[in-house]
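What follows is a group of structures, each given as structure tokens.
You will see chain A twice below: alongside chain B first, and alongside chain C after that.
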Partner chain A sequence: MIEVKNLVKQFKKPIRGEGIKGMVKTLFSTKHEIKTAVDNISFKINEGEIVGYIGSNGAGKSTTIKMMCGILNPTSGAVLINGLEPYKKRRQVAQNIGVVFGQKTQLWWDIQLIESYKVLKEIYEISDEDYKERMDFLDEVLGLSEFLNQPVRTLSLGQRMRADLAASLLHNPKVLFLDEPTIGLDVLVKEKIRAAIKEMNKKYNTTVILTTHDMADIENLCSRIIIIDEGHIIYDGDLLNIKNKFGDLRTVTIELRDSLDSTDCFNTFGGNVTYTLNNLELTVNFDALKVNFEEVMNNVLTHIHMKDMKIKEISIEEVVREIYKKEEMEG
Partner chain B sequence: MKRLKRYIKLYKTYLERAIKSRLEYKKDAIIGIISFLITNVTSFASLMFIVQSIPSLNGWTMYELGFLYGFSMIPRAIDHLLTDSLWYIGYWYVKNGLIDRFLIRPVNSLFQVIAEVFQPEAIGEAIVGVALLVMCGSKISIHWSFANVVLLIVASLFGAAIFTAIKLITCSIAFWTKRSGQLMSTAYNFADFSKYPIKIYHPVIKFIMTFILPFGLVISIPIEVVLRGGYNAVVISIAIIFVASILSLLGYSIWNMGLKRYESSGS
Partner chain C sequence: MFRRYKAFMKTGILNIFAYKFNIFSWLLVVASSLLCLFFLWAAVFNNSPVDIINGFTFKEIISYTIIVNIFGFTMGGGETTDVITDEIQNGQIAMSLIKPISYRLRFVFSTLGGLLASDLIVGFPLLIVSTILLTFNGFMTIESPANFIIMLIFFLVAQVIAKMLFDVIDYIFGLISFYTMASFGLNQIKEVVTNFLSGMLIPIAFFPEWMANIINYLPFVGMAQNPALIYLGKMSVSEALISIGMQILWLIILETFAHFFYLKAIKIVTIQGG
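Presenting the complex of A and B:
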């Protein structure tokens, strides 16, 4: 279905000096530095898979996605979507893919949302029956009808993202690329977006590749994740596996009512739980796969009185950090 | 053929959308048309002011100059009406990575860029141009042969294509330089020279206006043919069609080469 082979993308950047003098120098200098955004990556994705493509900012996610949907030309290597290279056969490939960039809309800003869809219907040559069926389906999962007659510029971010997702699904693409589809959205909208992606995948067997910084997106949607850092793939496999490998790390931050002298009273889990105390703030770190969450909390709560409590799951950045730690220890 | 039909249909859809977009800002569109009228009337008035203080410019009377001035606005207005979005490419789209959305749709990307914007302001330009042609044309003797009429029609339509091609070539430079708006303006503003008889200029400008940025070839020379004779109308028509085709092809090739280098923007 999708094949990425030894993909490399380099950007040439002029070396810039500082200040006005540097600016003038840059103007006449031909010196360049080469930045490798994607460095020799390969993977295959099968039909119907939902793959999370994750990594920290600047890791090369968007660059890869842009090569996969035909916006950027690779420096070397290839992407094949159903056997075609998207940046060479743009029009053929475009008919079969849908793309959403969380940061940029592809809708027409000044006109009513419904008019944008009518233009897309012509662009993708969608038949009247298909259009109606698809619109009904998308309205049902994304709740479009409440703002269908508003100009796009008046939509809220959440509405715009729902509208953009619908636009990318209108022609029933075989592959859907989502670049941070839930960025900046509230929980309810995030859930709607996830539900729509899941529905589409189930109903039409759409292959989905998504980048995100939200762990919940990944847990809810992805059967498989690919982690990229500094242009290299550092993990490719299923989500449960990575948890087994690196732990399901939780951080609980508790605001105490009374100050505590030491954390000695908690030490009952061997070295598996770590406690740090900072005035009235107690931080508890542990791996939920190794120790029982309930037991840890019960143990802590019997010894203290608390005002407030926050629980945090591991973030993508932390996963990446953990992977490196592990590699260093092993290597 | 099937593809042509599809693109004509698509263009209609895009045009409808573009007009709806403009109607969202009705007052802006009306102000735009009026201000273009005013700009062109005042610039012509200042030309008249100069011409009136000298009896003739290289043998051209005020009405002949007015006729030339009026005609110079026709190809420009057609280009302005239909392809104004190319300015965005040079000034803005490439730099800000806004070409992305054109590359993910199953339609020629240049077609999408061009079809996306429709500029009713250009109608103001066309009105002033036609008014000048009619007003001044009635006061002078014009040789209305069949070949001359064809020449003016060819010069209007293919002249517009030359304006577009020069914009396309210069805006595509942005794929190398990130921004090429200034270059576009400089090249485009050379067209202002063609509002006056080409013979008054220094040979260097004459050369540029005929062969490099051939605004003189599509504006000054045809009007000279119609008013003075001197060149063969058929030869000039063929030359215009030839040059317009070459420049358009060149523009389209540079555009395509540019797309291969397009770097988008970080997100």
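Presenting the complex of A and C:
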């Protein structure tokens, strides 16, 4: 089980001037600015959960993940992974976690992929039977055998990501951290990676924490999401509930038969419904939790003749965008 | 417990074999610099009114220079500073820290692997060849075979500790890059300091007396000069034992320092990128 308690991480950065003059000044100045990357966050994750940890660039996702894997020390607060603080008991915790950083590789660049796995087998002290069983399983879900004998530097990005994911799972970690595992991959590889994560979670009850910008990852994998922005958690809960909290936004696009002069003829529902008119296209936006869908449509349809109509539910990506917007306006 | 590190030792060994060309280029460099040093020392001794300078005859100083240079090569097998500064600069250190292995032991094993491999394929063959040549030409005299064998054993022990001293100093210099975030010529500084203070260039006895008195108590002499003096029979048994004792003492001091330095440095480490 993972527990994050009042976690804070601040970075001290020298205040840099611009140009050569500024560089020289920086050399001799002791002025620092403090940037708070993670600001007092707390959450708990149970065994076997797949949690999406999302937020915009620079929100503090990677910093949190790094503290959870024990490679960054928190400024204050604590992370407990099965009762141990990873940055204090780094080696002990490392034995039970797997990590994939989409931007980096843990494989040895110049040697054959299979050799990297053999090194990892020694490092994690994996028994021969376990190694064989795990390799068979990973080969089956990730299709490794086609490039197992190639040096890592010759692998394509998709192959390398699959190889890296396999490397992080070889020792059957209880917790798997994935920092943007599908970045830059094509749809087919993404699906393979997702299938492997699901399969691993089902078979070994692996807890997975995943950061991503790809909403399809979240929708396919995560039962729970934590959204972080500017170091604060702004949402933690069910994927379905997020809509209840931030609105069940609908967009109805109607193609008109005759042109309209203005949208004034519609009842405005007190600002809860917005209309935009673009030639023969009328777009109606509203929150289905606040106003009655039927009433809105009745009201609109009594005033127009329509040719076609499309209804769109909000995607999780738009929800997140809405949350950011809200935060910005409030902040 | 050491199973985890076997792979790193292997990597260290493979690295040496992978860069065979380095060995040949080094042989070329060392051969030419030895030739220069030979003529330099010849000129020094020819223009000197005495036959023994600072306790060395011409023949002894030539033997010393050769033995110490063979050392110089086998030390080249370590690359701890380079690896650490690289890892810090490109953020790859994250991948090292997520593994259940000690950051320090990993380097101890890969360096020992590398240095032992370079000993086996270059160091010892060269040592044997030069010992035969030097003895045959009267540069080196083996007075009693029994004494030579004792000294040879001492030398082998001193040689292994010398490598470990070399690696811990390499490691400490590497840790500095945790703070500087760049190598800033760390390697060059380290090389100048160790070459100068270890007696790799000239024996410490050639320094002014007050300086030699200080340098002889520093860890660097244990990395080149003292093992060479043991091998050449320039030390008595008790002196050799004291020298090895000093090496071990410094090794403990430096490893302890490195350990606490690491604990401090790792707290401020910022993983670059992604």
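The criterion applied here is as follows: the second predicted complex is superposed on the first by the 246 of 331 C-alpha atoms of A that agree within 3 Å, B and C clash if a C-alpha of one lies under 4 Å from a C-alpha of the other, contacts with A are read in each partner's own complex, and residues count from 1 in each chain.
FYI, contacts are C-beta pairs under 8 Å (C-beta built on N, C-alpha and C of every residue); 3 or more make two chains touch, one makes a residue touch a chain.
Predicted model only: the values in this text are computed from it and were never measured.
Colleague: After the overlay on chain A, what do you see for chain B versus chain C, clash or fit?
Modeller: In the superposition, chain B runs into chain C.
Colleague: Could you look at A:Gln95 and tell me whether it touches chain B, chain C, both or neither (first, second, both, neither)?
Modeller: Both partners, chain B and chain C.
Colleague: I'd like to know which partner A:His305 touches here: chain B for first, chain C for second, both or neither.
Modeller: Neither partner.
Colleague: If we overlay the two complexes on their shared chain A, which of chain B and chain C does A:Pro151 touch? Say first, second, both or neither.
Modeller: First partner only.
Colleague: After lining up the shared chain so the two structures overlap, which partner does A:Lys21 touch, if you call chain B first and chain C second: first, second, both or neither?
Modeller: Touch partners of A:Lys21: none, neither chain B nor chain C.
Colleague: For A:Gln103, using the defined touch cut-off, is the partner it touches chain B, chain C, both, or neither? Pick first, second, both or neither.
Modeller: Both: A:Gln103 reaches chain B and chain C.
Colleague: Could you look at A:Ser62 and tell me whether it touches chain B, chain C, both or neither (first, second, both, neither)?
Modeller: In the superposition, A:Ser62 touches chain B and chain C alike.
Colleague: Show which residues of chain A both chain B and chain C reach, each in its own complex.
Modeller: Residues common to the chain A contacts of chain C and of chain B are 11, 62, 66, 69-73, 90-92, 94-95, 97, 99, 101-104, 106, 108, 118-119, 122-125, 179-180, listed in rising order.
Colleague: Note which residues of chain A are touching chain C in the complex, please.
Modeller: Where chain A meets chain C, its residues are 11, 62, 66, 69-73, 90-92, 94-95, 97, 99, 101-106, 108, 118-119, 122-125, 179-180.
Colleague: Of all residues in chain C, which touch chain A in the complex?
Modeller: So the residues of chain C in touch with chain A come to 3-4, 6-7, 11, 91-95, 97-102, 266-267, 269-271, 273-274.
Colleague: Taking the touch rule as given, give the residues of chain B at its contact with chain A in the complex, in rising order.
Modeller: Answer in residue numbers: 6, 9-10, 13-14, 17, 20-21, 24-25, 97-101, 103-109, 260-264, 266-267.
Colleague: Along chain A, where are the residues that touch chain B in the complex?
Modeller: 11, 58, 62, 66, 69-73, 87, 90-92, 94-95, 97, 99, 101-104, 106, 108-111, 115, 118-119, 122-125, 151, 179-180
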